[in-house]
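Two complexes come next, and they have one chain in common, subunit A, joined by subunit B in the first and subunit C in the second.
Up next, the complex of A and B:
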């Protein structure tokens, strides 16, 4: 039962992060490794505002997301935008993305150092639920906040014109242009959404564990697994995929060494690619 | 003055030249077919007219204005709408959302156009909230065309709107296209049901190996022995 609870918490974190990654991957047509760097920056920005500037936690998170969005859009303007207009293929883009990830990670080391950092919150004891399941208040906040955030993202994608245009662009960018959608503008909005998603997931992960520069990189494999399982470009699929990956990883710890957790994500990802490359909800083979 | 005119267009992919000095034009309220064997450059011509490919030489004029080099999102604002041969719908969006995207550049109320599309294709009415990727091929074509009608274009470019459909369904779609044309929308259509398309059209062009091969009134093309033998399947 405890493993189930852990799985839900991990699943919530992965789901939140996977929504942004799936849209970015689909709209930009490549897997962006620098997303790991965005997670880490999100966590460290929030920590800085909270621990050092001593702002309230929610304000710190919101400021961090704003800063992250600006950073992501600036990076896009400086690198991917000109590559897009030159018609650079996914391989070139991916290599640039890996380079950016390395750059972002070293920048975190440079700015904040490599030592483990934590949110300076009063230590509270875990709440004990039936079946001796222990969940901390922070973890309850993570679950609640992820649900709220995913609901807000759903409203945005479902109800607003730009949200629909974003899903349309993810479906078929050429057709989006034919319909008169300014896809460059949609891409900017997508980076903004990715900042919310990555910033929140990075923060949740840091709240549940601690901050190290490598934390984003470690979450990247489960994130990709969730994205692929849910079908690249499908935000709802990413949420379900995130939950499945989170649960499988934590439950596997019941009968395997915890160090195998990444392997579980990897196996699920590989199986998906073999059996149904379009993901759980994709059409066709 | 023709409504739409492509003049001596040269274009292709990368360094490969596909279209060699191709010219077509469509007059107001006219329906014009482009036929020709697979790989003859019909889709390439449509993509070049709509700015998805650059014209290397030649020009594209619309209502007497030079629109060569315009991007698709600029061309759609001029009053042309285009339904590509492949991937012409947003599969994870619902029928209604696809139509919304067809009206993306509009800021006014378009409920009347929505209504018109559902009247033209009643089969879509019950499927409004379904994901288009889950619909049948025929219904997907209806969505693709309906979406292109949301802007009340003065001309519609259709690339093989009946591809992969059963003959009776293909005939139905072609008749709807004629209905659209009868409301005053000019149509430039690429069709593999060449004979049927020509019967509904005013004029036609035969494209072969990236060149204009024949052109003329539909009846003349249908009666032409060589066209019949080579391009209309005898």
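Up next, the complex of A and C:
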């Protein structure tokens, strides 16, 4: 039962992060490794506002997400925008994304150092639930906040004009262009949404564990696994995919060495690609 | 040998290891357009297999089987190739961006296994690897001797690959790179050729791993981080995909840059970590190559006559 609870917490973190990654992957048409860097920057920004400027936690997170969105859009202007206009393919974009991941991780190490950091929160005893399941208050906050966040994202994608344009672009870029959707504007909004998703996931992960510069890279494989399992470009699929990956990773720890958790994500991802590349909810091959 | 000469020998041997890896990736990416982000994984397999094969028996890790050095290298290549075959059979038909994620995942799993299976690999503690022929060569000259062995291996590899890519088989590879459909129309089984290339290139990575292990004499999972893969990619893309001489120059230049950054520690303010600077510089190089010079510094030599 404890493993199940751990799985739900990990699943919530992966789900939140996968929503942004799946939209970026689809709308920008490549797998963005620099997303790991965004996650780490989000966590460290929040930590800086909270630990050093001593702002309330929620304010810190919101400020961090704003900064992250500005950073992501600035990076897009400097690199991907000119590559898009030159017609660089997904492979070239992906290599630039890997370069950005290394550059961002290096910046984190130079700015904040490589030592482990933590949110300076009072340590509370874990709450004991039936079946001797132990969950900390932080973990309850993570689950609650991710549910709220996913609901807000759902409202945004479902109700607002730009949200609908994003889903239309994710569904069929050519058709969206023909229908007069300003794809550059959609791309800017996608980066903004990715900042919310990556910033929140990075923060949740840091709250549940601790901050190290490599934390984003370590979550990247499970995130891609969730994105692919849910079908690239499908935010609802990404949520389900994230939950499945989180649960299977943690439950596997019951009968395998816990260090093999990423291997579980890898196997699920590869099997999805081989059996049904369009993911759980994709239409056809 | 110590001092500047010793360092030069160390640097050159290290560069030869990476030149071998770069040629392996050049077969896959440069000539065939096959994406493999799992270089570090095959590199690790080669290093560990050669270490198991050549060492003397130990209760703390697998082997050693005391097999002579040249055969240990061959076995390392074969096992690396087998890993590539097992990975490749299901995934070779995937689109290149999916293949990138799957291969990077594969390399991370290989490293996880090395870290976790302590009874086989001694895990994060790392394991010692023998110096081949150390009883024949006196210790002051040993570094130079091993550099000679590595250079000879590189030379043989270079000539062998030049023959292979010049053959009709090699021409099919370039056709696949330029346009898979053309190769299909010509009746070539594209996936079968790609699988052969994945295996061949990965055998070369395994060879590189074995040469590295016997040069460094001590291997840990940290020698095979994803960073190694990206280093080799920078070497190939900057040196000029499809040009073996170019990627060797790329390997020496990038290794030079990597070691050269060590001297930055005198200039940089206190507390700035060289590791972090290196990470950023390699990242920047990857970005710049794609944005400024996608064809690399040397580019590929046209195979038709220069006059045409």
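Quick note on the criterion: the second predicted complex is superposed on the first by the 285 of 285 C-alpha atoms of A that agree within 3 Å, B and C clash if a C-alpha of one lies under 4 Å from a C-alpha of the other, contacts with A are read in each partner's own complex, and residues count from 1 in each chain.
Everything below uses one rule, namely that contacts are C-beta pairs under 8 Å (C-beta built on N, C-alpha and C of every residue); 3 or more make two chains touch, one makes a residue touch a chain.
All of these numbers come straight from a predicted model, not from anything done at the bench.
With the C-alpha superposition on subunit A as described, subunit C and subunit B fit side by side in the combined arrangement. In the overlay built on the shared chain, the residue A:262 is in contact with subunit C alone; subunit B does not reach it. In the superposition on chain A, no contact is made by A:62 with either subunit B or subunit C. Taking subunit A as the reference, the larger set of touched residues comes from C, when subunit B and subunit C are compared. Once the two complexes are overlaid on the shared chain, A:164 sits against subunit B while remaining clear of subunit C. Of the two partner chains placed by superposition, A:5 touches none, neither subunit B nor subunit C.
Contacts of A:180 after superposition on the shared chain: subunit B is touched, whereas subunit C is not.
In the superposition on chain A, A:172 makes contact with subunit B only, not with subunit C. By the touch criterion stated above, A:133 is placed in contact with neither subunit B nor subunit C.
Between subunit B and subunit C the least C-alpha distance in the superposed model amounts to 14 Å. The residues of subunit C lying in touch with subunit A in their complex are 35, 90-91, 94, 96-98, 100-102, 104-106, 108-109, 112, 115-116, 226-227, 230, 233, 237, 271-273, 275-280, 282-287, 289-291, 294.
Listed in rising order, the residues of subunit A touching subunit C in the complex are 30-31, 79, 82-83, 88, 90-92, 94-96, 98-107, 109-110, 113-114, 217, 221, 224, 228, 257, 259-260, 262-263, 266, 269-270, 273-274, 277. In the complex of the two chains, the subunit A residues touching subunit B come out as 161, 164-165, 167-168, 170-172, 174-183, 233-234, 283.
For subunit B in complex with subunit A, the residues that touch the partner chain are 50, 52, 71-73, 76-77, 82, 84, 87-93, 97, 100-102, 104-105, 133-134, 147.
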